[in-house]
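You will see two complexes here that share subunit A, one where it goes with subunit B and one where it goes with subunit C.
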Partner chain A sequence: MLAIQLAITGLQTGALYALTAVGFSLIFGSTRIFHFAHGATFVIAAYLFYWVYGTGWGLVPGVLAATLGAVLFGLVLDRLVYVPIQRHEGSFFTVFVASFGVGIAVQNVIGMIFGRGFTSVSTPLSRSAEIIPGVYVSPLAWIAMLCTALLLGALHFFLRRTHTGTALRALADDPELVRTFGLNPRRIAATAFVVGSALVVPAAIITSATTGLNPTIGHHVMLISLAATIVGGIGSISGTMLAGLLLGLAESLALLVVDSQWTEAVTFAILFAFIIIRPSGLLGRIAAH
Partner chain B sequence: MEAYIYNLVNLIAIYAILAVTLNFIMGYAGIYSLAHAVFFGLGAYVAAWVALHVHPSIFVTLPAAMASAAALSLLLALPALRVRGEYFVAASLGLQVLAVTVFSEWKSFTGGIGGVLAIPPADVFGVEVFKPQHFAIVSIIALIVVIGLINALVHSSFGRNLRAIRDSESAAASFGKNVPMIKTLSVVISAALAAIAGALYASYMSFINVESFTLDTSVLVMAMVIIGGTGTVAGPIVGAALLMLLPSAISWIDFLPQTEVGALQQIIYGLGMTLLMIFRPGGIVGRRAAV
Partner chain C sequence: MTKVFTIMGALAACVCYTMPAAAADHTVGALFPLSGPNAVYGDVFMAGSDLAVEHINADHMLSGPMAIAYEDSQGLPQPAVVGMTKLVNVTGVPYTLSAFTGVSKAISTLAMRNSVIAVNGGGVGPDLADLGDYFWNVIPLANLEVRAAVPYLVDTLGLKKIALIYVDDPLGQALKDELETEMPKAGGELVDSFSVPTSAQQFSGVAAQVRATGADAVYVASYGNQQLQIVKQLRDNGVDAQIATYSGYAVPDALALPESEGMIITGQSVDFSREDPVTKRFVHDFKAKYDRDPTAYNVNYYNATLLYGILAAALEADGTAITGEALLAKRRATKSFDLVGGTVSFQDNGTLLFPIEVKQIKGGRAEAVTSVSFN
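After this line comes the complex of A and B, so read on.
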């Protein structure tokens, strides 16, 4: 029974990991910008929801505020930080440090406003129901899985079937070629930031209603996103998705053998094993070197 | 007041050792590690254990701390050999997270959250050094020795090999350089020297716990290197001094509650890093664009 319970929890966690990581992977894969502040996007979305919903303005305004906050943060960061840096150079390190700095600042501003402790939102949907004897699942778990399936399905359609989606994939291959086709690489990159940032919103909201939030959760989000991107294979959206699910499941099933404080160690062990044994990841074609 | 200033001098010296050693792998080998606090912590715990159970002489505690950090650093060198840049950042971030868990769970060795108490003061040639003004002599000598060692390394053929690898690994390999060996050695040296800071910190504070060795510390040290100037000699020292003086400067603001000093410090250096990368990627000391 415990194994089934943990597997379902693991799928729920994994679905949310997949969404968050795909957001990062989409931005990193198409623009080559090492968007370390992706964790900060998560924190901003989660706390905006916590604030708006917690004040009693209802679910829809909460979701809207979180989405708007996440998308604006991604766009503004791209416009004010990444574009100026890429104008003079744009080595991995410069972009990483700039993004990292923003992440630290956001974490502390949120901490000063909302406090540094754990907070969570309680919704009527958080209550668990017994589906088979001994196995408790909250409606939020189904919502998490459904949301992920729908959004990733929509993303797949967007990338494969629409003009903008094709341009996004082309940007990953060759920015110069995109330009010769009369498209503006900057505008396509901005699209990547909008879509990638919006993808973390459901994960941020559901996390705030299940396991809870604190301002430093951004680091955890980043570790998961990076691990899923690498384990899945850089540039492979489906690989990232699979890896996110795998990490969530592994983290949860590991509770059968270890205590809960070791769950991040499980993530690290998987990441480490992949870096050593298979740096190109599950579905990656090119080596990470 | 005097004790306050000497205390700052000691902390600056200890953090400058960390910054200088991190700069060695970041600036010259292109290995961006978010796990430097792991070696700081390991050095501190090992030195504390040795001082409590074996002998408090720094000629016993320092070598023990350095040897264990060097051994553990192989865990960091392994992924550094396989991947570079962004992928290595992820591996080091994972190692840092894992180390914090180990530091807080391995209670028999680290004391868990409670930490290690009553660590004997440093013993130098039989003299117990516990006053901040006396300890300042020890910490500054240690800093000078570390800077001297790193400088000598950077200007030796080893340093040239490192820079060659940083700029082009395949070119260095095609010139017959043993790339994995040189990279591993640089990580081992950096970790072992960082452990000196840990050992000094343990005997100076006489109390340590996991709080001092978290990701925040790794980030702080990285910020020192970047803000000062990556790949420069004076940069990490300038960065360490600036960032360690920042909390004292912030405490002058009357209306700010004492509990928010740390947060404001992090906001300032976070935004400082971002602004520097936009306008002056080489850092305060650096002239050229960052590498």
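After this line comes the complex of A and C, so read on.
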């Protein structure tokens, strides 16, 4: 029974990892910007939801505020930080350091506004119920898995069946070619930031009710996103999604064989294993073709 | 060029603004978590120490103004050692406040080597009693808390099987050792223990493991935001067993958490209704300044700071220079101190003894259910 319970817990965790990681992977894969502040996007969305929902405005305004905040943050960061840096120098590491700095600044500003302690959204949906003897699942776990399936399905459709999606994939392959076709790479990159930032919103909202929030939570989000992007194969959305699920499941199921203090190490053991044995990741090679 | 001078001027102004301690005649150090996931404690600790400085300066206890040079330990040993090195070598303090077990152990060697007094009012790892002559504790340590909690859980509440979730650091390990010793003595059993890394935030899997043990109660030995996440996730993931923990949980955020309702926590007993002038003034001024009731942590750092005032004033009266050695000698020569909570005496190992209260959280407040004295 413990194995089933841990598998379900792992699926819920993995679903949230997949959503956040796919957002990062989409931005990184399309623009080659190491958007370390993706974790800050998560924090902003989560705290905005916590604030709007907590002050009694209700679920829909909370979701809208979180989405608006996340998307605006992504767009503003792209426009005011990444674009000027790339225009003047274009160094990968300069962009990374700037993004890292923004992440730290956001963490501190959130701490000043909302306090540095623990907060959470209180909802009966986070309370587990026994579905079969010894196995407990909360309504939020089902919502997390459903949300992930729907959103990633929609993303797949967007990338494969729309002109903008095709342009995004083309940008990842060859920005010059995109320009040749008369498209504006900066505008397409901005779309990547909009979609990538919006994808973290459901995970941020669900996390605010399950794990709870503190201003430093973005670091963990970023580490998992990075690990899933590498394990899945850089540039492969499907690979990142699978890797997110795999990491969540592995982290949870690892409790069957190792002590709980080693579960985070399991994530990075998988990462190292892929770097050594299959550097292109789960679906990286397929995506390259 | 004008722009450069303007920026440099602004920077200089910022530096001057952030260094009030440099202007004081008596500067003591403090290594508190001011950022990161444990920063919530820093605010609580500073509330007590800042009030003590106000009182010491208002009373002109010392020949000149007193100030505290705060360094951010983040609640972690490595930044704490950096901060302590700065306090010892640059600021040149003879006395510093410390918090957290890992931090206190890390800085204790620097304190000993440089003859600087380090006073802990927040860490409760039992081995903090053995860190040498220059390391003092104004807080009862966790071994006493476990010794108070276990008989209450096992005998009074009849909870014989206890599972432990502990953070993988010196505090967590010390509490585990103590529970392993105390549970059999009380006729109970520590059915299983689960260590978690200090950075972990996801505990739904651990909750499933705890449920599988069939424990009557779960003892949580963590701190900062993590302990709140553990409690919330235990309840969300179907763990209905009694939850118990130690004094690290006595922070406003934790008490206010809905999932904390009914939890058993232990902590030092402080009688805030005492009529002695020190306690009365502290309680009155604390409520006036912060608009809330004081906690034991506020008391400890008030006491730790006031202790410096008392010792330094006595040394000045003797015409002795205020150094770590002189402060240690004066403390040993002084039989008792009038601090918040009453007249207290140090044990030979530099630790103050207080009775331990077992409390239950009800409606966001910790209400005492019993008190255990170890004198």
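Just so we're on the same page, the second predicted complex is superposed on the first by the 279 of 289 C-alpha atoms of A that agree within 3 Å, B and C clash if a C-alpha of one lies under 4 Å from a C-alpha of the other, contacts with A are read in each partner's own complex, and residues count from 1 in each chain.
One rule holds for everything that comes next: a contact is a pair of C-beta atoms (placed from the backbone, for glycine too) under 8 Å apart; a residue touches a chain by one contact, two chains touch by 3 or more.
Here the structure is a predicted model, which means the values were calculated and not measured.
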Legend entry - Three-chain arrangement built on subunit A, subunit B and subunit C clash or fit: clash
Inset, instruction - Report for A:Gln261: first if it touches subunit B alone, second if subunit C alone, otherwise both or neither. - result: both
Inset, instruction - Applying the touch criterion given at the start, work out whether A:Thr20 contacts subunit B, subunit C, both or neither, answering first, second, both or neither. - result: neither
Inset, instruction - Would you check which partner chain A:Ser120 touches, where first means subunit B only, second means subunit C only, and both and neither mean what they say? - result: second
Inset, instruction - Quick one: classify A:Glu130 as touching subunit B (first), subunit C (second), both or neither. - result: second
Inset, instruction - Please work out whether A:Gly212 is in contact with subunit B alone, subunit C alone, both, or neither, and reply first, second, both or neither. - result: second
Legend entry - Touching partner for A:Thr9 - first (subunit B), second (subunit C), both, neither: second
Inset, instruction - Kindly classify A:Thr148 by the partners it touches after superposition: subunit B alone (first), subunit C alone (second), both, or neither? - result: neither
Inset, instruction - Scan A:Gly111 for contacts with subunit B and subunit C and give back first, second, both or neither. - result: both
Legend entry - Partner chain(s) touched by A:Phe34 [first = subunit B, second = subunit C, both, neither]: first
Inset, instruction - Pick out the stretch of subunit B that clashes with subunit C after the overlay, from 199-207, 217-225, 235-243 or 271-279. - result: 199-207
Inset, instruction - Share the list of subunit A residues that count as touching for subunit B in one structure and for subunit C in the other. - result: 108, 111, 116, 261, 264
Inset, instruction - Name, in rising order, each residue of subunit A that touches subunit B in their complex. - result: 34, 81, 84-85, 88-89, 91-105, 107-109, 111-112, 116, 219, 222-223, 226-227, 230, 261-262, 264-265, 267-268, 271-272, 275-276, 279, 288-289
Inset, instruction - Provide the residue numbers of subunit C that touch subunit A in the complex, in ascending order. - result: 35-37, 39-40, 43, 168, 194-197, 199-202, 204-206, 208-209, 211-212, 225, 228-229, 232-233, 235-238, 251, 253-254, 257-258
Legend entry - Residues of subunit A touching subunit C in the complex: 1-2, 5-6, 9-10, 12-13, 108, 111, 115-120, 122, 126-130, 134, 136, 138, 210-212, 214, 216-217, 220, 251-252, 255, 259-261, 263-264
Legend entry - Complex interface listing, subunit B residues touching subunit A: 32, 78-79, 82-87, 89-91, 93-95, 97-98, 101, 104-105, 215, 219, 223, 226, 230, 260, 263-264, 266-267, 269-274, 276-278, 281, 289-291
